[in-house]
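So, here come the structures, one by one.
In the two complexes below, chain A is the common chain; its partner is chain B in one and chain C in the other.
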Partner chain A sequence: MGGEVRPAPGIAWVVEQNGVTVVDGDRGALVSIAYPYAGLWAMIVGGTYTAGRACDLVMLLTGMDEGAVERQIVGALSSWRGLGLLEAG
Partner chain B sequence: MPNISITRRCRRDCAFCFAAHERSRGAVVDMTPAVYEDALAFLERSQVADVRMMGGEPTEHPTFTEFVCRALERGLRPTIFTGGLMPDEALDYLSGVPAERVTVVLNSAVSGRDPDVWIRAQERVCSRLGARVEPGITLDTPALRPDFLLDLIERHGLRPRVRLGISHPIWGGRNRSLHARGARAVGSALEPFVRMAGAAGVGVDLDCGFTPCMFSPEFLETHPVLADSVGMRCNTIVDLLPEGDAIACYALSRFMRFPMTDGSTREEMISGFDRELERVLPAGTYRECARCQYRLEGRCGGGCRARRALRLRPDTRPWLGKG
Partner chain C sequence: MYAVPVLEQWLVFAPLTWTAAVVNEPAVTVLAEHAAGRCGLAPDESVAGLWQKLTGRMVAPRTGDGPPKLVIMPTRACNMRCVYCDFGAADAPHATLDPRAACRLAEHFAALVRAGGENVLRVHLFGGEPLVARHCTEAIVHYVRALCARTGMTPWFELTTNGLFDEGLIPFLGDYIDSIVVSLDGTEPLHDYNRRRADGTGTYAGIAANLHRLAGYPAELCLRMCVTDRSVGIMTDVTARLCEEFRFDIMSFEMLAENECSCAAGLTAPDPLSFAAGVLAAEGPASDVGVRVVYGPSELVGPRTTSCPLGRGTLMLSPDGGLAACYVDPQRWKDRGLYLALGHVDALRGVCVDEERLKAIAALTASKPRCDRCFCRYTCAGGCHVDHTPPGCSLEYDDRCRAIRVTTAGRLLRYLGFRAEADRLASDVTMMRLLADHPDDRLRSWGVRP
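Presenting the complex of A and B:
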């Protein structure tokens, strides 16, 4: 599910009560990530992301089955890469 | 309202000083008369009648008295923000200006926190300037009680208003500031003082960075004017620096600066600063600001913007100016 990833240069984020807001120094606020995917973001920025851990975390939080969770994580990572929030680690 | 910082000189060197970064820059120390005239013209273009002179310690500017005189000649009303270590020449001059034409906002020294020599100097200022003086204080701990200001007002016949500020951080700077949670505790600690001041006929002005959530709902209900305005006091002020550059406020002095140009007005500068700031700053000082009812109702802007900036992770200092 996407291999190793990390925040792209110039990306910052703020932890809000309802999720995470990701900001770029040049482009301004880019996206608000609600929970449970804010937890996925926290794993990535904390350097603890692996596909297995991410899947376990989101399954635990959502109660969804593994296949559905995998598809959602792949979608989220792809979307964040497309927005320039992430780069390959 | 905009402030004119006429000098970077100051002998107090308070740990919480929000101008600490600006004062430490190896830039112009004293505003020249030509830049000061440009600043007065800027105020007039912006339809601002108050000349709020600060620093550093504005009374240490070598031509401070001429600057005040010039503002008065142009029909403007000077307000001097002082730490009270005022040269004799400045004190003599201000004592000759009618109280209704000048305001001296005194950042009061605190017994036990500040040197006795500051307290004695401020007593002298209060004694000489009387009703020209509006005392204030910078709260650097929730434990600080401003009650002594009421006694100061009564003893010296000062203006019956008190100005209370919180020690805010400089984004990318190193001043000592009240932690965000400590700042929140300041409000409830102040409630008895606001009631006591009201009973004594003394008004209380809360400076920038206060938010409604710092106060109890019961207190806000009994102080509706304060409740409706307290959360909207962190705005772009526009501080004009001695060299003529403008910053949004001292706490954001490292974010960006504009030159004061011939045709610019305060509104235009505010628009420029706000556009840049609001793009990147989080919703509020606290995590819960994103869902706060005061904010959703438009009664709070999220508190001090420098505090909001400090919530960005990881280190956003590379975004800041080189100054």
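Presenting the complex of A and C:
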């Protein structure tokens, strides 16, 4: 969960009412990200991501406890890396 | 129904039927006779038609400009030291609002909005400077968006900022905020005299750079200029220059409200007639480039009982969790004999709002003795209920009233298609003064005018 991350090259995104749509220009793929993960994505692209802040935000958005939120964030980051949306910063 | 002198004619205005007309003095006399129930004189056909419209179906005045808004102050602290600021930002505690309290209130407010049959959750982020508390502000925005996604509502965010913020905030503001209000007091020398960093240096260049960056985003951009005695004479030029330099949507003017700080800095309130003329004249260059000129109390948005947030059911959350109907420092409304506290929000225990007090505060706007004889009774509706028309205030028009009366009349003229007459009014000090100081606009007082 720690460590810096940033959008991979060629990745663009559009903020929409219910979340974010991430566009992988190279592969022509669209990925819709709903809340609470849309908040996490905003933090990453805004350059303010830290593990602690991400945890606080997702806890606020979901009301879940810290342990569960940490697991969710790890899962989301891993999934986005797998899809080629993120790279290590 | 009201009638005010404009140039050689009279502007008749019935705000509750939202009807206005420009007529001559004999026509006003006939209308006044009818208003008084003395119908001996038969109006000619055109006046009879107007009478029908003036007395047609009345619209209940709205309590504000639309559904209530939630105003959240993440902090009262500020990164600037404007010479006229009496918000106490310099001495404000650097406390930041607990975002969980804002979230509890957003849930409460969303339920109220839905119960009222509305679907837009309007949140105004205010300060201090809300971007000083960046993480709190961002968290609130994401929480409200998530709440709206969950409940099928539409979020709408307004953020008032001094414009002096880190460049890294631009994508957040541009992508997530619908309307951004930036204070800019004119051209660089004017602005830099008024609005300074803590070290006394100017802020125009930094703000201008951010305005250019924001122009690439869909957010509505409003420039708000506090007009002083120094800038009142060049409002049109300033508007034209700003329209040339920046891409924005709204040019909003307000008159400096004098205070100890502004006086110490050698700034005084602008002459009200020059200010009104400036607002009306600025509409020319602004409209050429699609920029709308706004002066809050004179906006013609239909009949209303308040033109300020107070009285609209607006809830304002302070960094300490206090809820009030007004954003100014509580001491200021207490000094005027007003009690505008509404309750408290606790991050864990939730929201406590005194609904009876909310109703009592809304009722304050119904009693405005100074406004009874003024044709702006249901458009300005008393302006700022704390500083302008608090209970027990003088019955005489003050300079703000004069500015609002002239601006409103000029706008009504334009609304009716009398553009040249509005321009003439704005350039004729004698006519503006006659209008501004007209003692009683009520049609029923026509025969008893001094």
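Here is the rule we go by: the second predicted complex is superposed on the first by the 87 of 89 C-alpha atoms of A that agree within 3 Å, B and C clash if a C-alpha of one lies under 4 Å from a C-alpha of the other, contacts with A are read in each partner's own complex, and residues count from 1 in each chain.
Just so we're on the same page, contacts are C-beta pairs under 8 Å (C-beta built on N, C-alpha and C of every residue); 3 or more make two chains touch, one makes a residue touch a chain.
A quick note: this is a predicted structure, and the numbers were derived from the prediction, not measured.
Undergrad: After the chain A overlay, clash or fit between chain B and chain C?
TA: After superposition on chain A, chain B vs chain C: fit, no clash.
Undergrad: Using the superposed model, measure off the angle between the directions from the CA centre of chain A to chain B and to chain C, in steps of 10°.
TA: In the superposed arrangement it comes to 60 degrees.
Undergrad: Looking at chain A, does chain C or chain B touch more of its residues?
TA: Counting residues of chain A touched by each partner, the higher count goes to C.
Undergrad: Considering only the touch criterion stated at the top, classify A:V45 as touching first (chain B), second (chain C), both, or neither.
TA: After superposition on chain A, A:V45 lies in contact with both partners, chain B and chain C.
Undergrad: Where does A:G28 make contact in the superposed view: on chain B (first), on chain C (second), on both, or on neither?
TA: first
Undergrad: Once the shared chain is lined up, is A:D56 touching chain B (first), chain C (second), both, or neither of them?
TA: Once the two structures are laid over each other on A, A:D56 reaches chain C alone.
Undergrad: Considering only touches as defined above, state whether A:A12 meets chain B (first), chain C (second), both or neither.
TA: After superposition on chain A, A:A12 lies in contact with chain B alone.
Undergrad: Which partner does A:P36 contact after superposing on A: first (chain B), second (chain C), both, neither?
TA: second
Undergrad: Please work out how little space separates the C-alpha atoms of chain B and chain C at their nearest point after superposition, in whole Å.
TA: 5
Undergrad: After overlaying the two complexes on chain A, where does the chain B footprint on chain A coincide with the chain C footprint?
TA: 15, 17-18, 45
Undergrad: Would you tell me which residues of chain A are touching chain C in their complex?
TA: These residues of chain A touch chain C: 15, 17-19, 34-36, 38-39, 42-43, 45-48, 53, 56-57, 60-61.
Undergrad: In the complex, go through chain B and note every residue touching chain A.
TA: 279-280, 282-283, 287-291, 311-314, 316, 318-319
Undergrad: Can you check the complex and tell me which residues of chain A touch chain B?
TA: Residues of chain A touching chain B: 10, 12-18, 21, 23, 25, 27-29, 45.
Undergrad: If you look only at chain C, which of its residues touch chain A in the complex?
TA: On the chain C side, the touching residues are 99-100, 103, 134-135, 138-139, 142-143, 145-146, 148-150, 154-155, 168-169, 171-172, 175-176.
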